[in-house]
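In what follows, structures are represented as structure tokens.
In the two assemblies presented below, chain A is common to both, partnered first by chain B and then by chain C.
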Partner chain A sequence: MSKRNTTTRSGRAPDERVVVTGIGVTAPNGVGTEAYWAATLDGKSGLARITHFDPERYPTRVAGVVQEFDAAEYVPSRLIVQTDHWTHLGLAATAMALDDAGVDPAELPEYEMAVVTASSSGGNEFGQREIEKLWSKGPQYVGVYQSIAWFYAATTGQVSIRYGMRGPCGVICAEQAGGLDVAAQARRLLRREARLVVTGGTDASRSPYALVAQITSGMLSTRDDPVRAYLPFDVDACGHVPGEGGAMLIAEGESAARDRGAVPYGVIAGYGASFDPRPEPGRPPRANLARAIRLALDDARVRPDQVDVVFADAVGVPERDLAEAAAIGEVFGPRAVPVTAPKTMTGRLYGGGAALDLATALLAIRDGVIPPTVGVTSPAPGCDLDLVLGAARETPVRTALVLARGYGGFNSALVVTAP
Partner chain B sequence: MTMFTLDDVRRILRRCAGAPEGDALDGDIADVPFAELGYDSLALLEMAAHVQQEYGIRIPDDAIEEMPTPRAAVEYLNRRFAGEPSR
Partner chain C sequence: MITGLGVTAPGGIGTAAFWDLISSGRTATRRISLFDPTGFRSRIAAEIDFDPAACGLSPQEIRRMDRAAQLGVVSAREALADSGLTLEDVPPERRGVSIGSAVGCTSGLEQEYVVVSDGGREWLVDPAYAVPHLYGYMVPSTLAVEVAWAAQAEGPVALVSTGCTAGLDAVGHGYRLVQEGVADVVIAGATDAPISPITVACFDAIKATSPNNDDPEHASRPFDRDRDGFVLGEGSAVMVLEEREAALRRGAEIYAEIVGFANRSNAYHMTGLKPDGREMAEAIRAALREARLNPEDVDYINAHGSGTRQNDRHETAAFKDALGEHAYKTPVSSIKSMVGHSLGAIGSIEVAASVLAIKHDVIPPTANLHTPDPECDLDYVPLTAREQPVDVVLSVGSGFGGFQTAMLLAQG
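Now for the complex of A and B:
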């Protein structure tokens, strides 16, 4: 047994404020938090025609792919061969986030550190490669690491092993909503036994097999012009562009963070989740997003008029955009709060998407600026929102609401506030 | 007769299981247990699979129990190349 195990933890409180002290980003429009943030404020998109395979035969040919990412810069060689690209992105973002937080995990009690990540696609590129070997050469050519590389908990597990974080680890699979659900789980853990939680998520649904799987949702854009391919809330909306990457965050109890001199980005102040009912033939689909928003605001003890910005889910499918606009309008009133969707520059990142939005919201709080929604020029009738279009909007941001809907009916809402 | 050497162990491990941090493979590794070099049982299974593919001999999965160190792996594999049946 390591002697670290015997360290007694300080008392936790059920209402302890939980803060984010470190952020790491791997995104299609920037690797590293500041590179991503600068690009995002400039409206620089990472959407482009797919080049890592020939997309000509597929209906979707534009994606948000992380550029200039060398896994070897962040991930030991032994781990690179054992893990999928999605885990490389997660390990890299974790290394950045720990460095940003100024945390050396070796100095903390191993059972008081946890890893909780969101995942939606698993290690599909790795899996496709091994399945191709199975078909073309035979089972003896399938690598042993397929057994651990594909599954949803692989990133959580590899981060846990790499940094000796043996507390209550887990993975949440709720498609795009998972990136908020894990932050809420981190807060729960920090109010009980944990001292530090690595949370957030990445995804890399980038192989042809993964793309085909997503196309079945019927919600992917089939447009070839990257500038016009993903236009949520626009009259010309045509689905969304898939992307890869995400963000990892370091969450800590506020007193522990302050004690070690950390400077928090903000507070994970409130969370709410709901689930949409099964669609019924002949009836309009019912959406419970507004309920998730109200739960999150109540949890944070924040009134709607105190919210400075909403980071929208922005799926880009007209009827679902309308449902989101209606939910925001129902809680806040028409055009009562700035709404933005910087994911128009990255595509939807699934397990990584809401985690990146959460990181972006914290950066908006830090710098007092709301990043823009790009591409959108003509909001659709019924999308009665104060969209932040074209350029970033400088304004004090003390309270931000992040929305995420996961395919299949998941709705999550998270409130972050200034530290 | 095919001879399997320590350099073959290094070459195949690097390719199929990656290099350990600090690249300890370059050193005097003959009697250092694989576990200490950072290679677990999955890495050894992967090494065995690559040897099978490259040299066209069959190596049973439980053979990795006879290869706790690079020297033991070289000796075991050379016995197999020499035609000794696996246990």
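Now for the complex of A and C:
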């Protein structure tokens, strides 16, 4: 083929360090990064009985619902009616993150800003209202915003429009793992062509239909006591509690961030992903999580003994907890690294979950403190982990590993280091 | 390098049937048969006569998978068989997956919603009637999971969901994974099966789809003066991507090479497009830069060409902006005139069409283009295919959310 010069094809800075300079959080135990962080260090849980509908007929009645959130504080009213709760949470978190980063998007080149978010259940509450109109009244009752509110790209599109970000935007869905995958995609874009990327994710699997769908996964807790409902790695583990919210992060190339005087939280230093083979009846499931961890550590050029804390996926299903504990043990050795799951205070946030864990890891680095895993008192046999239980643990944190597994077999691991 | 191809599109199952349709200029649009469309504004679509059992899916797979997943897996299996790839060539941990979809498992979600809500009567839907795979329908990542299982992939797996550019973006994402060496092979493509009442109704509400119910075969009219919206479609295309040297080493047949990929956003409106095509033009320029190609090198543009008033004008302006005078000399066509607009899937189906155009040196036509629109004044290859050498193809997509994507494919 003669037309092309096929010599090197590389990005503009393949080894550029990528830092996070802004964080915005909308979580069940706190709206706003500092409110969330204070609650999390105090072990204050956001899990409670569902009140936005009557959950009595459902086996799962406890969830992590974002409290005291008024979308109008963050989102223009005309946008509120066009979007689902999930996108409200995302727009709010983005506004906080940009403010935290001290950046004015209007001052940056339009094609060098991008938005890459994770989603898992889309605008399910908006969608259930519209589909109910369709089936109870007829197609002409479906509203004009259904086509843009419920699909998985709604948050990325709305954030892009709101801030004039015309770069290479994207959406990745990998259930709970997506929040790490988009951070890796942000790093890829910053090394190739972008100057600032809004990344992270929120989710709000909060409609009755979404709850019923989650129940069919067989992984939801059916315990009514919010304190005992979600106990990953515990002898009493009984599944997880669903939650809503998440975090948005501002990622930038380190030199550009420093040039504008930004103070980074930390570096997105390494990433690895793997996928589990399909479970076959009669054979023990084979998990590839350890390989994802090793890939991330190698990518970050970090040895296992340099990792100060692991934020676990902590799904709360006994056999899957054991598999995670085994993977951590395989890489680090028994009880060799502190492990924590602050998601015991929020529930699993799916598209927003790993992004929130990533934000939490960066805050742990900033303040030199590991937030606790709440509720867990008696680790299950085989979960041979140094779990940070009961209270936060003060210790220098320079390197944190965040793990996330998505329904169906996704494994993602991300290493963040002190700036 | 693209070394395997699988297409499940309206008009016939398999890559050969797909090429036969789009190179003939016949159309696969018709009155909707998947449900009774009485009472809807647009009652037409491009449907697949799809028998999952005849396509090799087992009874358990048929029960477990939503239609979009079934279409995706059938295409993935065709692509893998076509590539001749074995586990000895590339082990599971070096195989990645990147699948695009705009609306995920909507069809399955809607069918089950109707049951648990008792026909839309109950807001507090009844869990006793939920099928065991319902959670798999709610999360679109299931589509990538099913393809990963079919492909025995244990490397990086992603579901890309950027609305109607998801198909191009997913192939582009797979291209990056191979380029960076994250995986040796990526099974990339997209699938969507959106012909269900809620999706038809949501496009009805914004009058995006064609109401030409009396003449479905001729309803999808990209670039025609009388176009009146897109015609919804369904389908999937999946391809095997691998690095050039590895493909040559194992003696694979090479269809074509991806040489440039870029996406931009218009940050203007979730559904509206400005007539100037500015951000799509920027995506095209960025893809050309990566490919180290000049506008004059482009032999054929596989257009988004949805057939909405605004899209075709927007896109025409983008081609002129990015390619200058060469835009007027470059054949442009839209296969959506024949296979409809399958939302997130169509981008990958259009990549497949582009690859086949390179292979056969034939440009598929824009069907139903009888009356030129003064605002769309390029060479849109009306009605009949054109035989001519095709070495470099530009394939573009545009979608809700403001996404604009461009990919360049070249003879391998």
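To be clear about the criterion, the second predicted complex is superposed on the first by the 407 of 419 C-alpha atoms of A that agree within 3 Å, B and C clash if a C-alpha of one lies under 4 Å from a C-alpha of the other, contacts with A are read in each partner's own complex, and residues count from 1 in each chain.
We take it that contacts are C-beta pairs under 8 Å (C-beta built on N, C-alpha and C of every residue); 3 or more make two chains touch, one makes a residue touch a chain.
The structure presented is a predicted model; accordingly, all values stated were derived computationally and were not measured.
Asker: Considering only touches as defined above, state whether A:Gln82 meets chain B (first), chain C (second), both or neither.
Answerer: Both: A:Gln82 reaches chain B and chain C.
Asker: Return the chain, chain B or chain C, that is in touch with more residues of chain A.
Answerer: The partner with more contacted residues on chain A is C.
Asker: Have a look at where A:Glu193 lands relative to chain B and chain C in the superposition and call it first, second, both or neither.
Answerer: In the superposition, A:Glu193 touches chain C alone.
Asker: After lining up the shared chain so the two structures overlap, which partner does A:Ile148 touch, if you call chain B first and chain C second: first, second, both or neither?
Answerer: In the superposition, A:Ile148 contacts both chain B and chain C.
Asker: Could you pull out which residues of chain A sit against chain B in one structure and against chain C in the other?
Answerer: The overlap between the chain B and chain C interfaces on chain A comprises residues 82, 140, 143-144, 147-148.
Asker: Give every residue of chain A touching chain B within the complex, in rising order.
Answerer: Chain A reaches chain B through residues 76-82, 140-141, 143-145, 147-148.
Asker: Inside the complex, what are the residues of chain C that reach chain A?
Answerer: Spelled out, the residues of chain C in touch with chain A are 39-41, 92-93, 97, 102-104, 109-110, 113-114, 116-117, 119-121, 123-127, 130-142, 144-145, 148-149, 152-163, 166, 169, 173, 176, 179-180, 197-198, 200-206, 208, 257, 259, 262-271, 279, 282, 286, 290-293, 297, 391-392, 399-403, 410-412.
Asker: Under the stated contact criterion, what part of chain A meets chain C in this complex?
Answerer: 1, 3-6, 9, 53-54, 57-59, 82, 110-111, 114-115, 119-122, 124, 127-128, 130-140, 142-144, 146-148, 151-154, 156-158, 160-161, 163-175, 178, 181, 188, 193, 205, 208-210, 212-217, 273-278, 288, 291, 350, 406-410
Asker: Mind pulling up the chain B residues that touch chain A in the complex?
Answerer: Going through chain B, the ones touching chain A are 14, 16-21, 38-39, 42-43, 45-46, 49, 52-53.
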